[in-house]
Amino acid sequence: MNTGTGPRKRLHATSPQTGDLPVQAADGVEPTMGSVSLESSPAVPAGDAVTMPRGRRFWNKMRASRRVWGFVAILLVFLCFALVPALFSTAEPLRADLPGRLLRPGTTSAGVTHWLGTDQLGRDVWSRIVYGSRASLTIAFAAVFCAGIIGSTLGVAAGTLRGWVGAVIMRIADMVLSVPFFLLAILTVVVLGPSLVNVVLCLALVRWPRYTRVAYGQTLEAQGREFVRSAVAVGSPPLWVIRKHIIPEVIPAIIVVATLELGLMVLYEASLSFIGLGVQPPAPSWGSMLSDGQQYIGTAWWLATFPGLALFLLVLSVNMLGDFVRDQLDPSERALRS
Amino acid sequence: MPEQAEGVVADGRSAGEAREEVLRVEGLSVAFGRASERVALHDVSLSLRAGEVVALVGESGCGKSLTALSVMGLLPPEAHVLAGSITVCGKEIIGTPERLLRRYRGSAMGMIFQDAMVALNPLQAVGRQIDEALRIHTNLGRGQRRDKVIALLDAVGVPDPTNRLRQLPHQFSGGLRQRIMIAMALIGEPRLIIADEPTTALDVTIQAQILEVLKDVTQARGTAVLFITHDMGVVAEVADRVVVMYGGHVIESADVVETFSTPAHPYTDALLHSVPRTDSVRGVDLPAIPGSVPAPGAAPAGCPFHPRCSDATQECLTMPPLEQVLPDHDVACWHPHTSGRSR
Amino acid sequence: MSMLRRAFASGSARYIAGRVGQAALQLFGVVTIVFVVLRLSGDPARLLVPQQATAEDIARIRTQLGLDASIWEQYLQYLSKLPRFDFGYSYVQGRSAVDLISERLPYTINLALAALLLSMLVGIPVGMASAYFRRRFLGRALMPFVLIGQSMPAFWLGLLLILFFSVRLRWLPSTGFDGLTSLILPAITLASLSMATLARITRSSFLEQLNADYVRTARSRGAGTARVLMGHVLRNSAIPIVTLLGLEIAALLGGAVITETIFAWPGIGQLTVQAIQARDFPVVQAIVIFVAIIYIGVNLLTDMLYAVIDPRVRLAGSGEQV
Amino acid sequence: MTSSTLSPVLLEAQDVRKVYRIRTPEGHRDLVAVNGLTLALRRGETYGLVGESGCGKSTVAKMLLNLEQPTSGEVTLDGRVITSLRGKEMREVRKDIQVIFQDPFAALNGRMSVFDLVAEPLRVHRSAQGKKLREEVLDLLDLVGLTEEMADRYPRQLSGGQRQRIAIARAIALRPSVIICDEPVSALDVSVQAQILNLMNRLQRELNLTYLFISHDLTLVRYMCERTSVMYLGDIVEDGTTAELFDNPRHPYTQVLLSASPVPIPQSQRPARVKPRGEIPSPLARPSGCPFRTRCPLAQQICAEEVPQLRTITPGHRAACHFAETADVRKLA
Amino acid sequence: MSKNSARRRSATALALAPILALLAGCSMGSSGSSNSTDGNGGSAGGAQQTLTIDSPDYPSTLDPGLQYDGSTYPVYRNIYDQLLRRDPDSLEPVAWIATSWEQSSPTTWQFKLRDDVKFSDGSALTARDAAFSLNRILDKDLGSPQFANFSAVKQASAPEDHLLVVETKAPSATLLSYLTTLSIVSETYAKKVGKAGLNEKPMGSGAYTLESTRAGSEVTLARRDTYWGKKPSISKVIFRAVPNLATRVADLQSGRAQLVTTLAADQANQLKSSTANKVLAVPTERVAYLGLNVLGNTPTKDLKVRQAVAAAINYESLIKNLVGGYAKPVGAVLTPLAFGYPGKAANFAYDPAKAKALLAETGNPNPVLNFPASPAYNAQLLQAIQSDLEAVGFKVNITNTDQATYLKKVQSPAHDWGSIRFGRWSCSCLDADGVIYPLFHTGTVWSSYSNKDFDKAVEAGRTNIDPAVRKDAYNTAFSILNRDLPGIGLYQESAIYGASKDLQWKPDAVESLYVDEMTLGGKG
């Protein structure tokens, strides 16, 4: 068989082609068990992008990107603000001090230095931003969470049930989308009464169809996938298929939408505050600070500028992270199309 | 190149040895990654003469498409050439600026892609897509170009070409789409066609038709064809010469008849024998090759086939050179089968 | 043009009819819900009377407006008038709701189209550039830049623009409608949000298409960057962009409340807020119908545009193979 | 070989027909995917179903698996009609009839580990839990030639052959009697195909499996199957024992198919090919009479007028051609 | 164009809107004639002077029989003549169309009208027109919101061409005050064009006529050359609706407008330093007050709590810091401008220690006060009040709802709206009757208070015309109010305008905005 010269040490004890005998492994080759011959797994250097599980690949990419860490840091700082505002604030955020109103940034009054100035009631702007992050982040995350849960559940339901149930869900989603935001928002706040919780509910009520449309599309697409058919073929009941196969397909797109929505929610809360229906005074939120401050844009620029800056940093971080997540999870970006 | 004496070769085969060399790849190495950490092509050399059909054979990830893309200068951005030279009609490709390469593509060399459904712009009329190369490379008038396109479509067997020019790719069947791909590659009258698995996506009855058309039109023009495939049946059908690749290396290169009668590399040999034949007996196991094809750029050191090779020895942990074992028959193996397979 | 004709061909007629039918049902649902919720949420009569009015005065106004009838009667009466395009008269202004809306329509259209144009002119090229140069500094720097627009509330951005361009520089009018110059500031304000979204959509859509096989095919014919981008990629990546534009235009025509308030722009958005706050039921309902029609119409138009952009998308369903 | 002809019928399709209503610009049209197909698999045999793309062979697979509802006709498994079964009842039946799909890249959920993939059928049928489940999964992996350490990997880390082994492990997990194999090796590297075919044959012997082997590759069918049906445009045009069918094909389509199939023999050393004319017609526009007549080199007037019935030519060998006794396209080559 | 066809056409336009939007280009038209808005009325003298006035809202109607809110009245009262005007300084009703008047009985008033007044269509203004204008408001079919102002009137008649007779149901002390708000429409014209026509094409005898309107944003008036009175110096006036306060200020600063209304103190102060603009402010009859719920189940039921609220508020600081000095302290829920103002009451004094003590006495030092509000009210003011109250131990929950919901809530007969509310009250009548009767009389929509003695006193004030008797009645009423504290007067509001330094004008307490009293151009 071999025509080469000289003595040769066989790499394989027996010819692997016979297939029915165990194969001795050489270095770098997978040992085999059982009676059937086996392909070695591709010898891939560790850390290679192609073969790592999705999660680890994601973290590796993330670790590599310094930009991403910058944005994560911003979010973490805001999160700390929201969790323990007292650690970061320099003054009581609610106490009005009328004689000390509209002080420029850096002014010291009554022993407190107002690094970002004071507002129209003499409250410390920095402290209000710190405390306001609680309301703003709560609203943003809670609204996104509620709308995301409601919306994607309905979307998945519409996509799996199809038929008239699906049609009704999707038509209702369309109906909600076709009512002007402010009408819906005002009516919700009017019916429920204004409060932080209701602002969240209101935003969730207005925004769920966005998730529904995405989840619906993803569900339909997932149902065409062969592994879903394969799961059905092994006898998986419908709920199992949804839980194990469809929902994991839907989630990345929903995450992408959610990151886009997160920043928007803060803006929406600002808009609600602009017409007086946002977070109730005197509790600070970035949105209400912005809308209160807008009247002073010509006289006391710091009132709206600093909460605006905080909002910008939040939106920027969330969006850039969203872009990053999307680039990693969902390069085709069907998510945005609805 | 030393022996490019001839000008135009009118007739393909009869010109024999003296035929102009259209493509020469010398010592081409290509790697992926910023630090070239994954070398996907190792020292690949091959050459093509006018009118010749060379089959580049290999399984997924062996580097055959990468070779083709290197020739076209269309390597993906994450890949880059480490070493080597590629000349098409005497012009160097490696290191040539994109602006100049653009002039060669579509005029000196053309490419037929595997899946015409995705390789054609789905939203542009096929006539316009075929015409694009003419618009880019010639100064012909609209009418002249149109006439050329129609004539070529007719030649590749698209019925009613005048009317179908305006249609979009999805309005054609798979076979017709592939004919359009062929016309598109040929419209600029290139000396070299690279056909990357042009029939893999097609049914056997259609495949036969397409192979015939491809042979007919290229032979008539004396076009050299680098035919990439993994199907030994197709190789047998079209090729004059066969170059077998595995794990980014050229491991065997021979005349087509010899490849099938006396494959020298154990891989080529095993490949031919692991497929059921008319004489394979049901219930008797096929002689399978153990293991699996290495991922691109992840072939083991030494001979890339050694983990799967029954003949492998310690020597195989170093890469054997591509050497002539028979006249016009090169093989890269420490233990080549020189007299055909024993079984 | 021929493609346009084909997209609207006979087969589409039935499809469109079906869609319109669905839309009518949807419209009916929206109107009903809004009708009921509005009436549960406040009393327009109290808003119409002067402060010192007595309970009788309020009751009198309610009778006058027909609000003392049961909600069912009111609803049936309302529905019975709809087929004649009679949406009722504004409680506050006494004018027909339709007049109020149509009077503001040109302003809304002007602002919406200007903003849309602006966001396209900026968003699409920025998205294209950031996709094409994604590995270079330019591609990375562009997106944060447009995101600034996305994170500024309209009232803040609008006022900043007014302060700078109108008060400080006196280049552009702060409010009012003196032709094109008046349009610039509100259009920028309004466009800032959709600009960023559009840029992102364009970017992702382009990224997807840039990796498509036909791009390689085109390059194998010797096509250069410009030809590949404009001749091939743009059209192929248009569908998500058109979808977004459709949604944006529907939203913009539905009214940009805050921008309109800041710039005293008499569009549908301002009217919406005024009407809701005054519980001017007929006007609110008319606006709801109007916005829903726009939304549905734009959706339908977007669908038809899909068929023009991508003839494989048949309004009537699957395509044929010859 | 002959034993299988004696063994009882296990899976049977009786005149199943699948028609899709398709909306076209010209209105609703009927797409006949499968045009009245009758098929009987005997216990323990491998039955081949051959045809080109669009001939309806995958639709047949889906109907046999009750993943698609036939427009008419019924499928019986071990004497029980399964076409009308739904929900829980059908899920029980699924233990007995399993499938291997063509593309192991698509058929395995990339988010699940190998262990979870193989365990899924056992979990959904609650046939094993905890430690027993783990043992059973490892047994299955062993059975298909994979090692224990594979259990923690994900499909994307595996080669195509390994993935198809996992798909096979899933299919045999519930000890079915029938496995529908829809192009089980056509997505694999050539050098790996033989491993999988060998594995399938071994499992058939060890587990007494019955296979329906669907493929477009004649050489594979010839090697794997005892009996074979050839489909064209939703119809069975010829069936019979594999040996008979390949040695003495009676339908011109089968003959053309055989002739056109590439074989690894240089052109100069084998007989010339017969190439059919034209292309496969759209199932939306089935030709009148014999479906193959538009491409048949032997077509006559009658082929357009009369639908040839599937009739017995020699015992156990049927063909649907008006000229089945005499047809030989190879003479034309 | 005929009303009907216009409607049908716009209905079609509405239905086709999505398509029209794309096809038809989009010119922004103004109904009536088009006009070029030459914003700069700037420089001196000349016959052609244009004044642009920014106010927050568009007039809801130009029909003087209907609405008369702060954005509507200032516009149409320049088109129409009123029966009476107020003297800008004394604010007493003075002659205008009515040259003189007398009471022939406690319930019958006779007005002699000018005979040289012509409507802009050339027809003469007669007493019949005046009577018609008044009776029209009283006509229940019109559903006029002004009905409440004239509800004392039984009927008006015109026995002679220039003699108007007004009969009241009972003696009415405020009739003359209200008649200053009565604009006179032409009976013939009104009957001809109907309610809608009067709104869209108003026709009056005033100094200006309507030139054009623009979709809910602009009303342009042009000077009438045939006006009977003094020829106004400004030839054209544009009223523009600019809802956003900061935008109004910017309009003034950028020269877009020469007069902006409804400024807030902070923005006004910003203009003070400007070289081109100035602040015009005048105390009005509008009183800012806190309403306290005496009847509902809330801590404010307890008088001590109400007293604590009154003592907790730092009135001076509110006025000085938040209203920027553009307000005056009051001693009751009434302004000194109004008849019946009782003078400063001792109760309204900032004394946080006292407030704390009072709360301590109640046994609950931290009562929870619910404070419903609407975006219509200055949020920072509410927050300042909240802050003051919380400083003495109250817990104050401000709940904003939109105005419609707010009204429904606070006017609920169940008195379950909360504990305190903020309000700003004016009645255009300069009389205590117009303020404390609707606010505190038992059973009125705003009242969450009930006291028989108080009711008796305000009823006496309402039905008597003898000033001395009335004064007494209101003294009694206010002493009860100041004891029971169902409401707390915070301050007298000012109307604050921003104006170009070119504009010469003296605003008045009733915010009438007569353009014929304004001039543009440098000093003098």
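Per-chain numbering from 1; labels A, B, C, D and E assigned in written order.
Just so we're on the same page, a contact is a pair of C-beta atoms (placed from the backbone, for glycine too) under 8 Å apart; a residue touches a chain by one contact, two chains touch by 3 or more.
In this text the structure is predicted, and so the values were computed from the model without any measurement.
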Chains in contact with chain C and with chain D: which ones?
A, B
Chain whose average C-alpha position is farthest from chain D's own:
E
Note, CA centroid farthest from chain B's centroid sits on chain E
Which chains are joined by the largest number of contacting C-beta pairs?
C-E
Note: chain C sits from chain B at a C-alpha centroid distance in Å of 53
Whole-Å distance, C-alpha centre of chain C to that of chain E, is 37
Distance-wise, how many Å sit between the C-alpha centres of chain A and chain D, to the nearest whole number?
44
Averaging only over C-alpha atoms, locate the centres of chain B and chain E and give their separation in whole Å.
88
Two or more partner chains touched - positions in chain C:
41-42, 155, 159, 163, 167, 276-277, 319-322
Contacts with 2+ other chains: residues of chain B
173, 270, 285, 287-290, 292-293, 308
Residues of chain A touching 2+ other chains?
19, 37-39, 41-42, 50-51, 186, 190, 275, 294, 297-298
Taking the complex as given, what residues does chain C use to touch chain E?
41-44, 46-55, 57-58, 60-61, 64-65, 85-87, 92-96, 98-107, 109-110, 112-113, 155, 159, 162-163, 166-167, 170, 173-178, 253, 261-266, 270-271, 274, 276-279, 286, 290, 293-294, 297-298, 301
In the complex formed with chain C, which residues of chain A make contact?
67, 171-172, 174-175, 177-183, 186-187, 190-191, 260, 263, 267, 270-271, 274-275, 287, 290-291, 294, 297-298, 304, 308, 311-312, 314-316, 319-320, 323, 326, 331-333, 336-338
Give every residue of chain C touching chain A within the complex, in rising order.
22, 25-26, 29-30, 33-34, 37-38, 40-42, 140, 143-144, 147-148, 150-156, 159-160, 163, 167, 193, 197, 200-201, 204-205, 207-208, 239-240, 243-244, 250, 254-255, 257-258, 269, 272-273, 276-277, 284, 287-288, 291-292, 295-296, 299
Inside the complex, what are the residues of chain D that reach chain B?
1, 52-53, 159-162, 189-195, 197-198, 201-202, 216, 218-220, 222-226, 242, 246, 256-257, 260-270, 273, 275-276, 279-280, 295
In the complex, chain A touches chain E at residues 94-96, 98-99, 101-102, 120-121, 186, 189-190, 193-195, 275-277, 280-282, 292, 294-299
